[in-house]
Each structure stands twice: as structure tokens, then as C-alpha cells.
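Some structures are shown below for you to check.
You will see two complexes here that share chain A, one where it goes with chain B and one where it goes with chain C.
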Partner chain A sequence: MSYGKIGQPLGRVEGPAKVTGEAKYTADVLLPGMIWGKVLRSPLPHAKIVSIDTREAEQMPGILAVLTAKDLPDLLIGRRVYDMPVLAKDQVRFIGEKVVVVAAEDPDVAEDALAYIDVEYEDMPAVFDAHEAMKPEAPLLHPDYRSYAHAPEKFFSDIPNVHSHVTWELGDIEKGFALAKQVFEHTFNTPAVHQGYIEPHASVVAIDPDGRVNVWISNKMPVRARELLADVVEIPQERIVVHLAQIGADFGGKGSLMDAPLCYHLAKRTGRPVKMVMTYTEELMAGNPRHPTSVFLRTGVTEKGQIVARQAKVVFDSGAYAAFKPVPFVNIPGAKDAAGVYGTPHIRIDAYSVYTNCVPSGHFRAPGDLQVNFAVESSMDMIAEDLGLDRLEFRKQNLLKDGDWVPGGPQLEEVRVAETLAAAVKASSWNQPKSQPNRGLGLAVSHRLIGTGEANTQLTLKEDGTIQVLTPVPEVGTGAHTILQQIVAETLFLPLDQIRVETASDIFKTDSGSGASRVTYVGGQVVQQAAGELMKLILAVGAKGLGCAENEVVFEGGRVVHSDSDGSLSLAEVAKIGGDGKSALRVKKSLNLSEGPPVTTFTAQVVELEVDPETGQIKLLDVVTAHDVGTIINPLGHQGQIEGGLLQGVGFGLIEELRMEDGQVSTLNLGDYKLPNIRDIPPLTTVLVEEEVGPAPFHGKAIGESSITPTGAAIANAVYDAVGVRFHDLPITAEKVYWALRQQSGGKG
Partner chain B sequence: MTYTIRLNVNGKEHTVEVPSRRLLIDCLRYDLGLTGTKEGCSVGVCGACTVLMDGKPISSCLALALFADGKEIVTVEGLAREDRLDRVQQAFIDYGGFQCGICTPGMVVTAKALLDENPDPSVDEIKEWMMGNLCRCTGYYKVIESIQGAARRKRQAGDSDEGL
Partner chain C sequence: MKPPKFDYFDPTTVEEALDLLKEYGEDAKILAGGQSLVPLLNFRLARPQVLVDINRIKDLDYVRENNGTLAIGAMTRQRTLETSEIIRSKCGLLTDAAELIGHPQIRNRGTVGGSLVHADPTAELAAIAKALDAQMKIRSSEGERTVAAKDFFVTVMTTVLEPSEMLVEVEFPALAPSAGWAFEEFVLRHGDFAVVGVTTVVTLDAKQTCTELRLAAIGVDETPFRDPEIEGLLQGQKITDSLLDELAARVSEKVDPFTDLHATAEQRKHLAGVLAKKAIKKAEEAAILNLKKES
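Take a look at the complex of A and B:
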């Protein structure tokens, strides 16, 4: 198919605003009389709060309010299960938990006042490791978990501190292992990693004299944020207006209220607009990083190298609260991919989400997928070696095929994993003889099912002849608004500049927002359908204006044309005629998809690297990323998603770790918590294996969470190929490689 | 203790009274309302707060406002001429040099300074110059393409050309 607007490499609709500094992010909102809130956080991982003395702080000049839990409604909140207090009440459960909030006209004054607050604590036994927390003698963080609002009963567990236990099964696992000639067991671990968005969470609340509550918040699902805020501050949703600001990236981490409830309470107390902006240190100690994860795999393989059974036990360190997990089962969906891209008849996967006295974990681009893929793809190489098989051939022999089922997913159609893997291998130096010592190649493959959920839009033909597309989805950086513009322009045969994408949250009751690679798929369909309906209205009104029947008009060259005469009307003229009672031509539409399509997307990566045996430093020499894609709506944005995700995968594989010692994060600024910089980028080849079979409008597929997933495993496999050291935990830092090589050579370092 | 400082921001003279500990970024954002300059890490690592002081890129989150007394500051708001984007700004749009845009003010200001000093930088020179600007969205590949694109357009336009 060839299209007009679809497939064009377009710059962003919001581009000029972003390059001139005009784009407003939440922290940029300045209101008359605005004051600042700052929080005092817990220095202890688990303790009773004996007393809080705020008198001295309250009397400091410039301090306008000091609030503790006793000043707030006695309520808990969370994205799904409500288990987290807005301010700690009787006890704290992690280092960094909010205990007291202070407001002042000057943020420095508010910060200063925190030092004059006395909180007396009484230590409680703490637990910092998910496996330790599951032992009978472990301290219980939330003895009342089962009574919390929205706690999913179906996934309760009797294991201590396990707040959600989800099982996915295919076939019969016992039968599977009975068929196996050999059984392999491997365990892998990955640490907490931060999303690394450069914009820390910010919130602003201003309450109008008539009680209307205006909220600006760096949150990717503003309609849901309004629902949650209404619940936790006990006001009707209708009184809250969430104003959409630009979001300084999300990567899954910006779905919570963060400080918005505190801003509300301070605004209510002081009668002033209140802003709170987390410092990056606060982000690192109390954001919502990717879950530290351990993955145990048990794999049954036949004599001929066929995988017949896969058992997986995935343990996610949830941290002190489950509040940052959005899905109904309050666990991490990526665990379901513990059989990887391999057709396995007998599977059992158990995912445990476990409370510990660490930073509460949340979602980060492809949540759970990276952790599990690192395990699965590392184990594929290890099993192949043990069986004396070639690691590529072993994979090829076991790949998913049309008609295979995946755990928690559909029976697959249009499976193109073999083509994707072949494309990656072909574009790499896989088939060339090994060039030099300390160099190695690794590969890894992943897949991702497209996300479901609810999307909304309202399209209006404006009097100037433009189409206004209202969406409650903020632009988090993915280019969603540009894609929605392209889809509407293509559907209506109109120039791009006649389509204006704008945001509004208060006209929609519910909406899933941005996430799960959902926007192009669900949000794209809803604007496409609404555009089709709007066109019908335009034609009907145009026919009326031209004095003819609806079947006598066509839409041509941006005008409604009477096919039998020269008569025609511009869209502006149609808009002026209007619908019944001169009403605006408008279509409001909602689409809620609960079941995903049977088509998934595959990614295959080959990494070539060199290890410096003296220092342990790894240099990436070449990365090939191959993607199974449908129609690409915006090639510029599409490639941007691939490149950005890939470098996050490189960070996960090589350098990133939110280090914690007894619950205390020690990488507390971006100097210590290393994000990849421009000199860390590897030479990159992207291969697109295209076929118009995707479920999104114009046969598109998802891309946002694809390239990040297999990189860690591909790096680990390449390191093994280079120097013969198998890493069971990420990141593979130079330091770890150095010590491993010392050990390998029998040296003492 | 407050001081009165005079500074030129984007060609406009300002006289501001600031406490001694006021950071330049806060002076720009809150005293002058120029919120184009962003605060990310607050420790001079991410580069989102980069502005030019007398033509040189600095981290405004690490500089006291007092240091800007008598200086010329250029922020992201000062790059476009009337309604015409600077070549660097346009290239970042056309080549996909940003996604969420939070690092972009610092990126385009730093890139502008690079091209002013070196109109035809190699990829290594771009990397060397830009390594103090973190971007979590793009993976930097399109940042490099944007800067190369801006440099190429400048060369093609020749010396007589102003702006785009």
C-alpha cells in the first residue's frame, strides 16, 4: 500500500515549542502567589514513629505550613492496590519515605526548615532481600495487606511478604520434564535501575475560590491521576481539572501521583498555589525504579535438543510498597515471557512480588521483560554449549511458529521470528571467522505483545476548516501526537497542518493514558474511527448545504463536492453551516480493547564486543538490531524509539545499577548513577523486516518497548564468547570483568 | 544578604536583586521567568541547564547568579531570531534530535556553541563537545545527525546567509 501521510519521516508537531524553550513542563508552571513544598524523608528502613516535633520549624520566618500524617485523611493510595500513605503515619518502611511536608514562599527556606523537625523513631527489624523476606522468620511489612483496597484476592499468597503470586501455565509441566532427556537449572539476577528521565517528578496544585482544583503533574495518564487524586484527598473527581503539560520523558515511571496529594493539602491549608519538584537525589532514593529481580529457570530438553519443559520462578523485589504497580494483579507482566521466543509445550511460570524495606519499585519500559530475557537468552547459550550444539542452531530449532501459544497470550499468527533472527545474523559478522582474542559475539531474541487498554478522543471541525483532535494522552516524548495527526490526516485526505492535536483530560471519564506500547494501536484506532465518523457528518452537512442527497457528494481536494454540478463547499463553509441547531460537527469516541491481537513483534540483536583483559573494560564494536515491523507510520520517530531503547538496554547491560546497602541507595546523583552518554554509543545497524501485518492502523506494529529488551543478554553472551566468563548478574561492569578474569587465571588480584 | 546584579540575557539588560545563594538557573527561571532552561540533576552532570555565559557553555545549576553580574547570557529562548528558528533548532526538529524535549534547551545551546567555534565538526568532535549533555530518549544518534545536518546546511548556505 502507498499512503500520503503515513510513512513520512516527520518532525514533531510540538517541535518548535521544544527547541525554543516555549514548551511548558510541570516545573515550568509559574502562578501568582505560588509557594513551594519540600518533604522530610525517613532516614531509617523500618521503624515506628514515636513522635514528631514540628514546633521549631513552624515558627521559622517564611514557613507557611507544616503537615504530618495527622493533618491528612487517614487513607492509602497506589496505582492499583492502595497500600502507601501520603505521609508515613505510625511507621516508616523505607529510607526516603515521606514523613513531614513543609511549605514556604522560597524553596530554600522550606528546605532549611526540614532540619528543625524532630522525629523520634524506634527501629524495627528490616529485610532488604526478596528471598530473605519470603522466609518464615522475616519481619512482615504489611500484615494487613489483604484488607487494602484493590488488593487482588486471587493472587494472595501464604508466603511471608509476597503480596502477589501470579502463575502462567501451558501444557503440563510434570509431563514436560518426564519427556526431557536432560534438565538444566540456572539463576540470574538484575538490580534496580532508574528510568533516568531527565525531568524529575513535579506537581502543582492551585485551588480556585469556587473550589475547582487545578492540577499540573508529570503523569502520563492524567485521567487516571484525577481518579486517584479524588480518592486520596476525598473530593469528587468533577472538581479536579488536570492540565496537561509536556512530560520530560516517562519510560514507564511517570504513572503515579507522587507529590500531588501533598500539594493539594498544602494548597488547601495555605490558600496558595503550591509546587513541589523532586530533586534528582529524591528521584534516585524514592522514585519507582525497575524491580530488582531474580529469575530461576528449569529447562527440560530432549536428546535432539528440543525444549519440552520450562519452569520459571521469578522473584520481584517490590520494595516497601506495591503502590507503583498499575496492573490488576499487582505483579510484573514481563515474567510471562520466561519461555522466551521458543515454542515450549509445557510451561509453568510463577512470579512473586515481594515486600522488602527497599525503594518501592515500579514500571520501566518493558517491565520484567529485560530481567527475564537476560535469564532466558543467557541460559540458551549455556544449554547449547552443554549439549554440544551451536547456539544459533539450537535457537532456530526451537523458535515459535504460527499456531504456537505463548503464556498469558494468544495463539500466535504471522510469527516472523525466524526471519528476524536471520536478518540480524546476516547483518552482523556472525558467520565470519573469529578475528582476534578477547573479541566475542553474542545474540539474543525477544518478543513483545502489544498493549491493550482504553483510548479516547474528540474530533471537531472548527470554523476555520481545521480539525481539532483532542486527546487525553500527554506527549511523553514518544511522538504520539505526531502519529495521531498523521492518522487523522491520512483518514480524511487532508494536509497535516489542517489537523491540530490538542490535549484535554476533563472531558473524558476514564482513559489508560500512555504505556504498554498502546498509543498507536488503541489510540490510533480510536482517532481513525472518529475521523471516519466525522467525515460522514461532514458529507451529510455538506450535502444539505449544497441542496443535494448525501450519495451525490464526494470529498475531493479538501472540499465537499456535488458530483453532478460544479457546486462545492470548503470545510470552513461546512463548519459554518453546522449540524442540527448549528452545532459544531463533533465526534467523541472511546475504544476499550481488553484482548490483544494474535500478532506479536520480535527483536533479534547481535552484539560484537572486545574485552580489555587488563582493565575489564568492555568496548562494543558493533550492534545489530533487527525488528519485525508492520507499516511504519513515522520512520523518524520509529527509528528514534529503536535507538533510544537500545541505548537504555546497553546501560542495563553494562553500567546501570541503583546500588543499595541495607536499603540505603548509595548512587544518589547522576554522577554516581551513570547513564550512558554520547560517547558510550556503539556503532549501530538497524534492520527492519517489514510486512504489512500489524494490528495498529494501516497495519502498523508497536516499537517503543522492543529494542531495549535483548541487549543485556546479547552483551552477556558476547562477553562469554570473548573471554569465557559467564555472568549471572547485570550490569557487567569493568570491575566485575576485571575480578572475574583474575579469578579465571588463578591470580589473587 | 542580597545583592543587586546587572546581566544581559538574550540581548536584554536586567537588574535583579538576589540573595547570595541564588543559583543562576533559579534567577533565570523564577526571577526572569525564562523557564526554557531546565533543571535535571542539579549537580552539573546532565547538561539540561546549559546556558552560554559570554559565549561559553556553563551549567547554570552550578553557577551562582552573582557570577553572572556584568555578563552576557544566552539561553534557549535567545537562539531564534524573531520568528526564524536558528539552524541548530530547525535541524533538531528535522533530524529527530529530541523526543521528550527536556534536555533539548541544553542540547541546542551547547550545539550552537560548538558550531560557532567549529563549523564543521567530525563525529568524534561532536561527541567530545556534547558529552556533558545527557539525553535518555534518543540514544544520541539523532543528536549527532542533527548537529551534522545543521553544519551541512550552514556550509551549503554559504557565508552570506544569516539564520536559516
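Take a look at the complex of A and C:
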């Protein structure tokens, strides 16, 4: 198919505002009389709060309010299960938990006052490791868990501190292992990593005299945020207006209310607008990082190298609260991919989400996928080696095919994994002889089902002839607004600049927001359908204006044209006609997709690297990333998603780790917490295996959470190929490589 | 975060700046390129009452060649180290090492004097100054003094500068045309602070015998590490692998590093030796090439 607007490499609609500094983020919101809130956080991982003395702070000049849990409604919050207090009440459960909030005209004054608050704690036994937390003797973090609102009853567990146990099954796992000639067991671990968005969480709340609550918040699902805020501050949703500011990236981490409830309570108490902006230190100690995860795999393989059984136990360290997990089962969906891209007849996957006295974990681009893929793809290499098989051939022999089922997913159609893998291998030096010592190649393959959920839009033909597209999905940096603009322009045969995408949250009741690689698919379809309906309205009103029947007009060159005469109307003229009558040219539409399509997307990566045996340093020489794609709506944005995700995958593989000791994060600034930067981008080849078979509008597929997933495993496999050391834990830092090599050579160093 | 409140002055002459330093003493901090000070302010690790912004003093931004030395004004941007032809021809080590300092955006603002005075224990320029015996020209409203690099750095982020004093110039010796040099670093990501770094200048005679070795290491002590005994190991010698292994072992043994989040002391000791060897090899190869060019 050839299109007009679809397939054009377009810059972002919001791009010029961002690069010129015009874009307004929540932290930029300045209101008359606005004051600042700052929180005092717990220094202890698990303790009873004996007393809080705020008298001295309250007396300080410039301090307008000091609130503790006693001043707030006795309610808990969360994205799904309500298990987290707005301020800690009787006890704290992690280092960094909010205990007291202070408001002042000046943020420095508020900050300084925190030092004058005296909190007396009584230590409680703490647990910092998910496996330890599952033992019978472990301290229980939430003895009342089952009574919490929205706790997932179907997924309760009797194991201590497990707040959700989800099982995915295919076939009969016992039968599968009975068919196996050999059974392999492997365990892998990955740490907490931060999303690394540039904009830290910020919120502003201003309460109008009539009681209307205005909220500005860095949140990717504003309609849901309104719902949750209404619950926790006990006011009707209708009184809350969420204003949408730009978001300085999200990467999955900005779905919670974070400090908005505190802003509300301070605004209520002081009668002033209140702003709270987290520092990056607060982000790193109390954001909502990717779950530290341990993955145990048990794999049954036949004599001929066919995988017949896969058992997986995936343990997610939720930290002190499950409040940042959005899905109804309050667990991490990525666990269901523990069989990887391999057609396995007998599968049982158990995912445990476990409370510990660490930072509460949340969603980060491809949640769970990276952790599980690192395990699956590392184990593929290990099993192949043990069986004396070529690691590529072993994979090829087991790949998913049309008609295979995946755990928790549909029966697949249009499976293009073999082509994707072949394309990655072909573009790399896989088939060339090994060039030099200490160099190695690794590969890894992943897949991701497109996300479902609810999307809304309202399209209006304005009197100036432009089309206003209202969406409740904020632009979190993915290019979603540009995609929506392209889809509407394509559907209406209009130039791009005649389509204006704007955000609005209060005209929609419920919406899933941005996430799960959903926006182009569900959000794209809803604007496409609405645009089709709007066109019908335009033609009807145009025909009326031209004094002819609806079937006598066509839309041509941006005008409604009467085919039998020279008469025609511009869109502005049509809008004016429509505006006069009772029917405004407006279509409001909602689409809720609960079942995903049977088409998934595959990614195959080959990494070539060199290890310096003297320092352990790893240098990425070449990375090939191959993607099974449909119609690419915006090639520029598409490639940006691939490269950005891949670099986060490189960080996950090599350097990123929120280091914690007894629940205390030690990497508390972006100097110590190492994110890869622009010069860490390796030489990169992207291969697109195109076919117009995707489920999104114009046969597009998802891309946002694809390239990040297999990189860690591909790096680990390449390191093994280079120097013969197998890493079961990420990140593979130079220091780890160096010590492992020393051990390998018998400590001679 | 934003910096705490401070009073701000922007003198246009050195004299004015020195008067301000005299007046405010320990309460004042000089703002040069701001690449270290501004983060310290924002993290509230520094809370000076007064900032003396010297960016408007034009006469501190220069590169001059005098009688075999290279005089660089304190406000010369680090980026100039990469672009100045005089620097490239007289002291190419500065040119080559400059790209290890952060990223271009940082080097466009960061200054030569600012880096030296900040005295971060992993600063590349401090290592070069120490290795080359640079001379620091220091002024106050009372007068002027010159301090050798070996005496300039006192400890982590501390130099011999008094609160009323300001570094105005640093003088590097021109490198011999036959010298070869290198700066090797171990970093956790590109453009980051070095975990450990080693810089070296190797001078060879016509027979490729080492006539002089200069070697300084960063990230292994409070100030750049330099040891005459280690430098003497190659004196009058052909550089061989076994000699380098011995030298590397001596470096590892003599440095006294710290453990932090990013590396243990033990790893740093090891890295110092490995990097010393790599740097000397690279410098030797460059020296041999330079010898060939000369003849």
C-alpha cells in the first residue's frame, strides 16, 4: 500500500516547543501565591513510629503547614491494590518512605525545617531479599494484606510476604518432563534499575474557591490519576481537573500519583496552590524502579534437542509496597514470557511478587520482559553447549510457529521469528570466523504482544477548517501525538498542519493512558474510527450546504465538492454551516479492547564485543537489532524507539544498578547511578523485516518495548563467547568480569 | 535542585576580582566555567555567600608560547586545548587528553584553571600538570607567586591557594619533538570521571633507549600520584615487556587508593599498573614514530 501521511519520517508535533525551551512541564507551573512542599523520609527500613514532634518546625518563620498521618484521612493508595499510606502512620517499611510533609513559601525554608522534626522510631526486624522474605521466619510486612482494597483475591498466597502469585500454564508440565531426555536448571538475577527519565516527578494542586481541584502532574494516565486522587482525598472525581503539561519522559515510571495527594492536603490546609518536585536523589531512593528479579528455569529437552517442558519460577521483589503495580493481578506480566520465543508444549510459570523492606518497585519499559529474557536466552546458550549443539541451530529448531500458543496469550498467527532471526544473523558477522582473541558474539531473541486497554478521543471540525484531535494521552516522549496526527490526516486526506492534537482529560471518564505499547494500536484505532465518522458528518453537512444529496458530494482537495456542478465548500465553510445548526461537527469516541490480536512482534539481536582481559572492560563493537514490523507509520519515531530502547538495554546489561545495602540505596545521584550516554551508543545496524500484517491502523505493529528486551542476554552470551565466563547476574560490570577472569586463571591475575 | 542563595559579582579585571576575594575571603568562591562548582551548589555541598564570576575577565583567556614553555591563561576553555594549534604543536598531550574531560558541552564551558583549582582527584589536567612539572602562577591583591605543580595539590579538592588568591596562569613545558605521550583511562561510561587514569611522556634517544619517563596516575590517591623511583626504572633502558611488568607491579604496590562505590582499592591498584603499562607502550610507539619523522 502507498499512503500520503503514513510512512513519512516526521519530527514531533511538540518538538519545536521542547527544543526551544517553550514547552511547559509540571515543575514550570507557577501560580499566584504558590507554595512548596517537602517531605521528611524515613531513615530506617522497618520501624514503628513511636512519636513525631513537629513543634519546633511549626514555629519556624516561613513554615505554613506541617502535616503527619494524623492530619490525613486514614486511607491507603495504589495504582491497583491500595496498600501504601500517603504518609507513614504507625510504621515505616522502607528507607525513603514519606513520614512528614512541610509547606513553606520558599522550598529551601521547607527543606531546612525538616531537620527540626523529631521522629522517634523503634526498629523492627527487616528483610531485604525476596527469597528471604518468603521464608516462614521472615517478618511480615503487611499482615493485613488480604483486607486491602483491590487486593487480588484470586492470586493470594500462603507464602509469607507474597502478595500475588500468578500461574500461567500450557499443556501438562509433568508430562513434559516425562518426555525429556535431559533436564536443565538455571537461576539468574537482575537488580533494580531506575527509568532514568530527565524530569523527576512533580505535582501542583490548586483548589479554586468553588472547590474545584486543579491538578498538574507528571503522569501518563491522567484520567486514571483523577480517579485515584478522588479516592484518596475523598472528593468526587467531577471536582478534579487534571491539566496536562509536557512530560519529560516516562519509560513506564509515571503512572502513580506520587506527591499529588500531599499537595492536595497542603493546599486544603493552607488555602494556597502547592507544588512538590522530587529531587533526583529522592527519585533514586524512593521512585519506582524496575523490580529486582530472580528467575529459576527448569527445562526439559528431548534427545533430538527439542524443548518439551519449561518450568519457571519468577520472583519479583516488590519492595515495601505493591502500590506501583497497575495490572489487576498485581504482578508483573513479563513473567509469562518465560518460555521465550520457543514453541514449548508443556509450560508452567509461577510469578511471585514479594514484599521486602526495599524501595517499592514499579513499571519500567517492558516490565519483567528483560529480566526473564536474560534468563531464557542465557539458558538457551548453556543448554546448547551442554547438548553439543550449535546455539543458533538449537534456537532455530525450537522457534514458535503459526498456530502455537504462548502462555497468557493467543494462538499465534503471522509468526515471523525465523525470518527476524535470520535477518539479524545475516546482518552480523555471525558466520565469519572468529577474528581475534577476547572477541565474542552473542544473540538473543524476544517477542512482545501488543497492549490492550481503553482509548478515547474527540474530533472537532473547527471554524477555521482545522481538525482538533483531543486525546487524554499525554505526550510522554514516545511521539504518540505525531502518530495520532498522521493517522487522522491520512484518514481525512488532509495536510498534517490542518490537524491539531491537543490533550484534555476531563471530558473522558476512563482511559488506560500511555503504556504497554498500546497507544498506536488502541489510541490509533479510536482516532481512525472517529475520523471516519467525522468525514461522514462533514459530507452530510457539506451536501446540505450545497443543496444536494449526500451521495452527490465527494471530498477532494480538502473541499466538499458537488460532483455534478462546480459547487464546492471549504472545511471552514462546512464548519460554519454545521456550527449554526444543532449538530456541531464533533465526534467523541471510546474504544475498549480487552483481547489482544493473535499477532506478536519479534526482535532478534546480535552483539559483537571485545573484553579487555586486563581490566575486564567490555567494548561493544557492533550491535544488530532486527525487528519484525508492519507498516511503519513514522520511520523517524520508529527508529528513535529502537535506538532508545536498545541503549537502555545496554545500560541494563553493562552498568545500571540501583545499589542497595540493607535497603539503603547508595547510588543517589546521576553521577553515581550510571546511565549510558550518547557516546556509549555502539555501532548499530537496524534491520526491519517488513510485512503489512500488523493489528494497528494501516497494519502497523508495536515497537516501543521491543529493542530493550534481548540486549542484556545478547551481551551476556557474547561475553561467554569471548572469554568463557558465564554471568548469571546483571549488570556485567568490568569489575565483575575482571574478578571472574582472575578466578578462571586460578587467581594468578 | 537549584543553588542556595548567594551574592553575585562579575568583575571585568583581575584586580577587581582580587579585591573582592580580599574583601570576602573564605565566604567567596570563584565561578570560572562552573562545571564543578555549579553541581556542588545545586547539591548543596558548597554554600558560599559570594560568587565572584570571572567569566567577564577577558585577559585570562590566552595561550602563549614563551621560550620553550606554553603559558595558558586560567580562563582558557578546555575546548581550546583541542583546537589550539600552538598547544597541539608544543604540548600535544594536552590536546589528546582533552577529549577525556567530560563531553564537548562541558569542555566548551570548563576552564583549564578551574579544573586545576578544583583539584578533583581524578582530574586529567591535574595529572598532566604534575607529570610535566607545570608552574602555577598565583595572584592576590598583595602580589604574585609561582608554585610548582608538585606543591600545588594538597589533598582532595584542596590546593595551596589562600582564600584571597587566584590562579591566573599555568605554564607547561613544551614537549621534545621526539617525545611520545599517552593518557589511558578506565571509565565506567564514556565521558565519565576516570576510575583510574595514567598519563605518561616517554622520550627516546636515536637508539630508542628511554632517556626520560614521566608518569602520573589519578584515582589512586588524594592528589595525582607520581614517583621518581618508578620513573627511574626505564631510564637508560630499552623498554621491554618484562621491564614494563616490573614497573606495573611497582605502580600497583606503591599507590594508595581508596574504595568507593565504583571500584575497590584492590581493583584500583591493579588498574593503575595495567594502565601504566598500556600508556607507556602507547607513548613509546608514538615516540618511535616521532623519531622517524625527525630523521
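The definition used in the following text is that the second predicted complex is superposed on the first by the 743 of 749 C-alpha atoms of A that agree within 3 Å, B and C clash if a C-alpha of one lies under 4 Å from a C-alpha of the other, contacts with A are read in each partner's own complex, and residues count from 1 in each chain.
FYI, a residue touches a chain if its C-beta (ideal position, glycine included) is under 8 Å from a C-beta of that chain, and two chains touch if they have at least 3 such contacts.
These figures come from a predicted structure and were not determined experimentally.
S.K.: Based on the superposed arrangement, let me know which partner A:Gly15 touches: chain B (first), chain C (second), both, or neither?
M.R.: first
S.K.: In the overlay, answer first, second, both or neither for which of chain B and chain C A:Arg659 touches.
M.R.: So A:Arg659 only meets chain C here.
S.K.: With both complexes superposed on chain A, which partner does A:Asn669 reach: first (chain B), second (chain C), both or neither?
M.R.: both
S.K.: Should A:Thr279 be classified as contacting the first partner (chain B), the second (chain C), both, or neither?
M.R.: The answer is both, since A:Thr279 touches chain B and chain C.
S.K.: What is the contact status of A:Lys38 with respect to chain B (first) and chain C (second): first, second, both, or neither?
M.R.: Touch partners of A:Lys38: none, neither chain B nor chain C.
S.K.: Counting only touches as set out at the top, which of chain B and chain C does A:Ala734 meet: first, second, both, neither?
M.R.: Only chain C is touched by A:Ala734; chain B is not.
S.K.: Is A:Asn677 contacted by the first partner chain B, the second partner chain C, both or neither?
M.R.: Touch partners of A:Asn677: chain B and chain C.
S.K.: If we overlay the two complexes on their shared chain A, which of chain B and chain C does A:Gln617 touch? Say first, second, both or neither.
M.R.: The second partner, chain C, only.
S.K.: Could you give the residue numbers on chain A that contact chain B in one complex and chain C in the other?
M.R.: Of chain A, residues 108, 279, 669, 671, 675, 677-679 contact chain B in one complex and chain C in the other.
S.K.: Taking the complex as given, what residues does chain A use to touch chain C?
M.R.: 108, 279, 614-615, 617, 655, 659, 666-667, 669, 671-672, 674-680, 733-735, 738, 749
S.K.: Quick one: which bits of chain C touch chain A in the complex? Just the residue numbers, please.
M.R.: Touching chain A: residues 1, 4-5, 39, 43, 103, 186, 188-193, 261-264, 267, 270-271, 274-275, 278 of chain C.
S.K.: List the residues on chain B that touch chain A in their complex, please.
M.R.: 19, 21, 29-30, 33-43, 45-46, 48, 75-77, 79-80, 85, 89-90, 92-96, 98-105, 108, 126-128, 130-144
S.K.: Going by the contact rule at the top, pick out the chain A residues touching chain B in the complex.
M.R.: It is residues 9, 11-12, 14-25, 27-28, 30, 108, 195-200, 246-251, 277, 279-281, 475-479, 636-637, 639-640, 643-648, 669-671, 675, 677-679, 681, 684 of chain A that touch chain B.
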